[in-house]
Amino acid sequence: MLDAPAPMTDRDARIDRLLLKEEVEAFNAAYAAALDELRLADWAEMFTPDGFYVVISRENHDRGRPVGLIYCEGRGMIRDRAFALEKTSMFAPRYLRHVVSNTQVLGVEANGDIRARANYVVLQVLFDRPDATLHQLGRYEDVFRRVDGELRLLSRRCIYDSLLVPNALCIPV
Amino acid sequence: MLDAPAPMTDRDARIDRLLLKEEVEAFNAAYAAALDELRLADWAEMFTPDGFYVVISRENHDRGRPVGLIYCEGRGMIRDRAFALEKTSMFAPRYLRHVVSNTQVLGVEANGDIRARANYVVLQVLFDRPDATLHQLGRYEDVFRRVDGELRLLSRRCIYDSLLVPNALCIPV
Amino acid sequence: MLDAPAPMTDRDARIDRLLLKEEVEAFNAAYAAALDELRLADWAEMFTPDGFYVVISRENHDRGRPVGLIYCEGRGMIRDRAFALEKTSMFAPRYLRHVVSNTQVLGVEANGDIRARANYVVLQVLFDRPDATLHQLGRYEDVFRRVDGELRLLSRRCIYDSLLVPNALCIPV
């Protein structure tokens, strides 16, 4: 906090926590926009080089089973997935919209890593169907790391409530 | 505002209002997490000892009819409900997810009580059904009171839009 | 920033950006409440005199086609629509609820106009149907202008994902 010359007050500390939460919310809004606009290469760059990304059912997560619907260790695997999806359109055309809410910053580790969570709802409109549907819902369990001053995901676990996924889950959440 | 030694500016006042709104949002996120994780005893503790909790239809609320689907006067009644629900699983297993949005701080009373509102959507996944459904939606009309520095609900009215509630409404919203 | 006597620090700038985002969020919450409570005259006053309001499909927007489901140039047209809807109840009675999320302030123009966006979901409950449905979802692409210190919409584009609109779209989004 080089900017604060005077001793840190409780109010200053609350403001700093709020600024951090705002950073996380802005990150999540940009993340959602990248996916909604199918900018998957941009999405992949939101992780650290050793970033971890998993989409796992709430049931498996609660029972400590690590197996997930999508499992990526490292940005290389994340980029591969983004590239494959952008180059091969093997799924029916659709619009997606991510609604992210209930964002919470849970804590900051000694090394500066930030633990956070949020709820997500992904709404889907298939091009050949008139109505929107609830595609997936759940929560993000995240660890953010600051890289060159910007937040990046060291780890995002998308823990979904719905037990079956309509169609294939082709697009990240 | 003991923390502010200099005269309060308009900008300081806006920051304080924002800090208060953040407190309410953080409360609502913690409230939602307690319900989504079925930590009902934790949920009950988020009310003041004389806390009021009602779940009422928009139609009844608009016509001034006080009757609600759930009606609790005092934390004792709220704890009873939480205890009964935790000890008797008389309802089909399900996952719930609360999405709270559009939070507004409407005003602060002379005694420090805070009037606020927010929209809520409760999404539900039954274990034996693959798809998520809209379980309930509506708005919270709240009065918060500070107890030992922490926000507690002196009153929460959950005013739901949907006229029928799928299955029994077993779990608070 | 007349309130800041000392040189503007990076932290001050971040606080100012946060205060501006809060203003936009508060505006959107008030806008949603006006529509949910069918206070359409209040809704119309949230635009500048030359305010622009359009509801357009994502498909048409993406292809540069200007045609929209609703198209209003100027607050006069917006008021006309509000007046017509309030005086003629030609549609089935229903409750609506707007969930606004993922608010982003994209930039501030040299003349002070503010570019912003947000996601919206409109949920609907028809009086003669028990269940809530997803009425419309999409994003707001906005330009705000400050009038007498208060934010007003110089332009709001409601770009919806869903291709067909259940029933007539009688009420603004």
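Brief remarks follow.
As written, the chain order gives the labels A, B and C, with residue 1 at the start of each chain.
What we mean here is this: a residue touches a chain if its C-beta (ideal position, glycine included) is under 8 Å from a C-beta of that chain, and two chains touch if they have at least 3 such contacts.
This structure is a prediction, so every number in the text was calculated from the model and none was measured.
To fit its Cα atoms onto chain B, chain A must turn through 120 degrees, a value rounded to the nearest 5. Annotation: the chain A:chain C pair of sequence copies touches via predominantly different residues, less than half of the used numbers being shared. Centre-to-centre separation between chain A and chain C, using Cα means, comes to 26 Å.
Along chain C, residues 15, 18, 99, 101, 133-134 each make contact with two or more other chains. Every residue of chain C that touches chain B in the complex is listed here, in rising order: 1, 3-4, 15, 18-19, 22, 26, 28-30, 32-33, 95, 97-101, 123, 125, 127, 130-134. Interface residues of chain A facing chain B in the complex, by the touch rule stated above, are 9-12, 14-15, 18, 21, 58, 99, 101-104, 119, 121, 134, 136-139, 161-164, 166.
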